[in-house]
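The following pair of complexes shares a single chain, chain A, combined with chain B in the former and chain C in the latter.
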Partner chain A sequence: MGQTEARATAVRETAETETVPQPVEMAVQERRFNLRKLLVVIVLYLAAFWTLVPMYWVAISSIKSLRDLAHIPPRFFPTDPRLDAWVTIFERRILENVYNSLVVATLATVICLIIAVPAAYAATRMRLPFKFVAIVVGLMGLVALLPPIASAIPLFLLGSDLGIIDEKYTLIILYTVLNTAFAVWVLRGTFMDVPMDVEEAALMDGDTRFGAVRRILLPLIFPSLFSIAILLFIFNWNEYIIALYFVNSMKTMTLPIAIQAQIPQHELDWGVVSAAGTIAVFPVLVAAFTLQRFLVRGLTFGVASGQ
Partner chain B sequence: MAEVRIEGLTKYFGDTCAVNQLNLVVRDGDLVVLLGPSGCGKTTTMRCVAGLERPTYGDIYIGERRVNDLEPRERDVALVFQSYALYPHFTAFDNIAYPLRLRKTPKAEIDRRVRDVAEMLGISHTLERPPGLCSGGEQQRIALGRAIVREPVVFLMDEPLSNIDALLRVYMRAEIKRLQHELGTTMIYVTHDQVEGMTMADQIAVMNQGTLQQLGTPSEIYDMPANNFVARFVGSTPMNFIPGSLQKENGTTVHKSDQFVIPVSAEMAGRAAELCPSGVCTLGVRPEEIHFTMDGEGANQARVFLLEPLGSETILDIEKEGLLLKVKDVASTQVREEDVLSLSFNRFHLFDDETGAAIR
Partner chain C sequence: MTVQQTVSPLPGQGASGANRVDTQPPPPQGMWSELFSFRDNRLGVMLIVPSLLALILVQFYPIVYNFWLILTSEKGEWIGLANLSRLTRDTIFHGALIFSLKMGVVVVPMCLLVGLGLALLVHSDYAGRKAIWISILIIPLMVSEIVAGMMWKIMYHPTLGLVNVPLAALGIEPIIWLVKADTAFIALCVVEIWRISPLAFLLLYAGLNQVPRDIYEAAAVDGATRWRAFWDMTLPYIRPMFAIATILVFVWSTRTIGTIAATTQGGPGRATWNLSWYIYGMSFQRLKPHYASAAVLVMLLMTYIAGTIFVRYLWVERRSR
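The block that comes next holds the complex of A and B.
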């Protein structure tokens, strides 16, 4: 875009401070050549390449023949694709592990949010002193701060005393507990971004406190809430160390443990492990794509005010 | 429609006293402006009336009902926030309709009432848009519409005009006053802008540091300020203050300061003797009550140090021995900088230095 044109846009902008920017003008601005933007895009593509290549590698390894798997230099495209590994993995009832993981990760996420949303609401809206909130949430989060291996052993001892080892609900409880502090802290920030005024306006308009939260606050923070839910789900879906202690049988075995179980003492079949890995990555990918849509929405969804 | 009565309202936040022993009656149908600098307790007072804060002590009555323990929704008052506090995820229509929907108003009636209000406020064209796509002035009106549509018994306004530009503000304050007159609804209007207070109010309640300084009509507040705070706070060009003391000279009482000797009427001197025995008091005089001649005679002479032309009038900044006075003159003033003027003080007030209270 030429200088004159840029100046014309600037003039138009100052003249229209009271009006809303027109779509046409925004399009013009977007088309402007921008070296910085180009660099950003290049870096992003490199980063995407960096993360996507391992996923691609796992996926193609699951359909490679043994010869291709062992080939040096490594082959980027399988020459002789086959589904043996996938047959094996389904024969080993991987779908039951997927089911276990889904149940545990979903329920732990939902329960965590059911606890964390009211807690975060109280922490931001009830005029509690910051120190008090920080200490309470800090204590809640203390277990999660330890390296998982350090907390897993005492938790396991506790669990075995209570006789609740090898139960799905035990995993659900543990994941919920470990994530709640994190969820409260993030939600607290989210709630603080919604001006108190908007909620008070609802009270003045005749709503109850609960109604104001349900009809005004929650819809406003929904994109953030959804993003947090997906993050929690991914944490739970990928959790390995605690599950390692608390899973004893197929009844409770979650995917990360199942993948580990595909690695026998002798004769490692990379194809089978890769197939299991592909299955494990799939929901995370779906979640990430949904998350991305909501993250963008969350950023552009400003709370209107004259300030 | 209702009267609002505030009796002995006191509100503490922790150890901080935001409002102290406030008594105020807002008559049915009146527009009362709570005026004061930020942190003076005016917003807290209004929030107590709204039900968003609970009084530490004292009672609030709306009509005959004591509302201390009622939730905001049970009080039937509407509040317009400084930030407008519109619901960004609703359209303008849904914003205005929200209070009606909560009251389970039939759909057809909601539709009719929202459109009526939108028409009255001139925002019919914005109804389908979310507030984020409306201009500041439109957002302001949507917020007003949301308050008006449910026909509350009391309107509360928390600095509703402070976020819109100066030109629109002048227009909107007349608009709000007109609306209030048309609807006849009691209104409590909070502002720190004394011009808004003067132009809109039936009664002004001037507050400072949590206490009510004076309650009166705009002209009472302007012409008979109860103390030096009110005198200082009200008036576009602030009142001039001359510290000094009352003394007898040749049988008459004068207010004598380092700069001026100003004769005080016998009547005022009598009251001063009674109310302020020490005689130490500050003389306050509005810029339009200082008259001057350019002949260089008379006792109270001072030098013009700066001219501030305002178009419709000119403010003369006059300096004498460290004391700065502002004097109003016509736009086409003959005075130039560095001129020496003889001043005479027409109407003035005396404020007891110890208490700050006006002597009258």
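The block that comes next holds the complex of A and C.
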């Protein structure tokens, strides 16, 4: 008992000073501790500033009055906030673009998971008849490297032949299939992390395979599944290159394309495009702070399982 | 945590393991197919077919079709390798290729440096709430490339923008960034570093988390300095992650199209055309998809070669240790 306590104290001490306690070094450590911490924190604050300042600048530009926009040097805080740009952007029916983006991103995410989860399950939990199927699943990890623009031209020509350019369902189908390989690959890693024994036990107890999946496996992988869903949604929400080829009219125009359409080539309307950009970034920022646990997990997951 | 609760009270967990042992040894974890001994081929195939179709539609079909496009003219006639040979003489294409490579040479090391530095800082014990730092630092990853370009276009704007303000404080004349070729290149590189370095940060941070902590204690006992500990232990450990980060950063920086579309539109002149912009311009604006496909092939080859080199020199070396 006494021994355990002693060890616990030793561990605690090590954790506090972060080195093996050595009298001389500890003294040095003590003195440099605050300075080092201060430096680290300052650099991190600078990095955060560097990350966030373009977003702040866009948001602030959207509510600046024309006088403030023309002011030199530019003002860090607006003196006379106006909502003119926001009125204009809503008059230009940006909400329709938001709606399009929401519908396309949500449906593509859901359908993608519906396709990918069974495939990942089959790839990890079942004996597959053809070796090549396993190889194909392995290849899915590699195709994440292929640039989307490489698929864009053939798909665009195929789409024009079929006459399905500029339809929302085309975008949904394309976003679904473009992400499927990635989703299967990441989900495969998730499934492999769950030990088989648990499910096997449920099956031995007379549960059906579907019951075992629903009652045992799905609850276990739910956090990862949710992370991957968020990630896919963000991919779809931001997708630009495929939309560039497949969007021709307001009917299908997603937010990234709408923002491109708002960017003035001449000196007009900077407030309006700032407002549009703020609308596009807002959900992402909210997601970053409310769902940070899932998001970081989802973002790191793909790579961790790729090893 | 709820997970553990659902799992542990299950009866027969140990028993099933015991039953299995006398017929066959427990299957190795992490293998694909040997995990379950149930024979359910048909169901498995049915589950995997939709994904397979998706893969064929968006990955294999386009690659095969791409070769067909390269070998035919815009009117659909067979012209052999004429598209490729035309590409080798196309000075616009040369410019775009060189611009992409130049950008890669600047952006990849910078992103890795920034990413590694931030990963080490956040990983150190001095960073307080790690989760908050991480979620702030990875925000650029979640911003669409066109939006990132648009933001930076405003930042670089001669009167609206913030970039010239600190320069003016240093007494430098305001620079009109996106109008001249060399400043536009620097400006685009900065946008790319802003956009992509969080990717390197995230990957390398994940790599650092896999380094076992006790090796540092052992090293401290042996009297190793922090620098040596970093050089001899941390770096070899995160080497695979470093390779992955290098490849992904390179791929991301070459496929950029939104930032260019938002900022320079390839200008001034054709000074900021990169490969993606060239492919887009040729296929969509000039309606020469067959010719543009030849450039797609070059892009794929570039990705493949870069991937092979990085894997060979960064990843494999650790395996052989």
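The working rule: the second predicted complex is superposed on the first by the 217 of 307 C-alpha atoms of A that agree within 3 Å, B and C clash if a C-alpha of one lies under 4 Å from a C-alpha of the other, contacts with A are read in each partner's own complex, and residues count from 1 in each chain.
Keep this in mind: a residue touches a chain if its C-beta (ideal position, glycine included) is under 8 Å from a C-beta of that chain, and two chains touch if they have at least 3 such contacts.
Source: prediction; values computed, not measured.
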| item | value |
| --- | --- |
| Partner chain in contact with A:Leu83 - chain B first, chain C second, else both or neither | neither |
| Broader residue contact with chain A after superposition on the shared chain, chain B or chain C | C |
| A:Gly206 touches, of chain B and chain C: first, second, both or neither? | first |
| Contacts of A:Leu46 with chain B and chain C, given as first, second, both or neither | neither |
| First (chain B), second (chain C), both or neither touched by A:Ile216 | both |
| Contacts of A:Val198 with chain B and chain C, given as first, second, both or neither | both |
| Touched partner set for A:Ile263, first chain B, second chain C, both or neither | second |
| First (chain B), second (chain C), both or neither touched by A:Val184 | second |
| Partner chain(s) touched by A:Leu95 [first = chain B, second = chain C, both, neither] | neither |
| Shared chain A contacts, counted only where both chain B and chain C touch the same residue | 18-20, 195, 197-198, 200-202, 204-205, 216, 219-220, 303-304, 306-307 |
| Chain B residues touching chain A - in the complex, by the definition given at the top | 50-52, 71-73, 77-79, 81-89, 98-99, 102-103, 130-137, 139-140, 146, 150, 163-165 |
| Chain A partner contacts - residues on chain C that touch it in the complex | 2-3, 6-7, 10-13, 15-17, 19-20, 27, 29-30, 32-41, 43-45, 47-48, 50-52, 54-55, 57-59, 61-63, 65-66, 69, 117-118, 121-122, 124-128, 131-148, 150-155, 157, 159-162, 165, 168, 194, 198, 202-203, 205-206, 217, 220-221, 240-241, 244, 247-248, 251, 254-255, 257-258, 261-262, 265, 276, 279-280, 283-284, 289, 292-293, 296, 299-300, 303, 307 |
| Residues of chain A defined as touching chain C within the complex | 14, 18-20, 36-37, 40-41, 43-44, 47-48, 50-55, 57-58, 61, 69-70, 72-74, 115-116, 118-119, 121-129, 133-134, 136-137, 139-140, 143, 145-158, 174, 176-178, 180-181, 184, 192, 195-198, 200-202, 204-205, 209, 216, 219-220, 234, 237-241, 244-245, 255-257, 259-260, 263, 265, 270, 273-274, 277, 280-281, 284-285, 287-289, 292-293, 295-296, 299-300, 303-304, 306-307 |
| Residues of chain A touching chain B in the complex | 18-20, 195, 197-198, 200-208, 211, 216, 219-220, 301-307 |
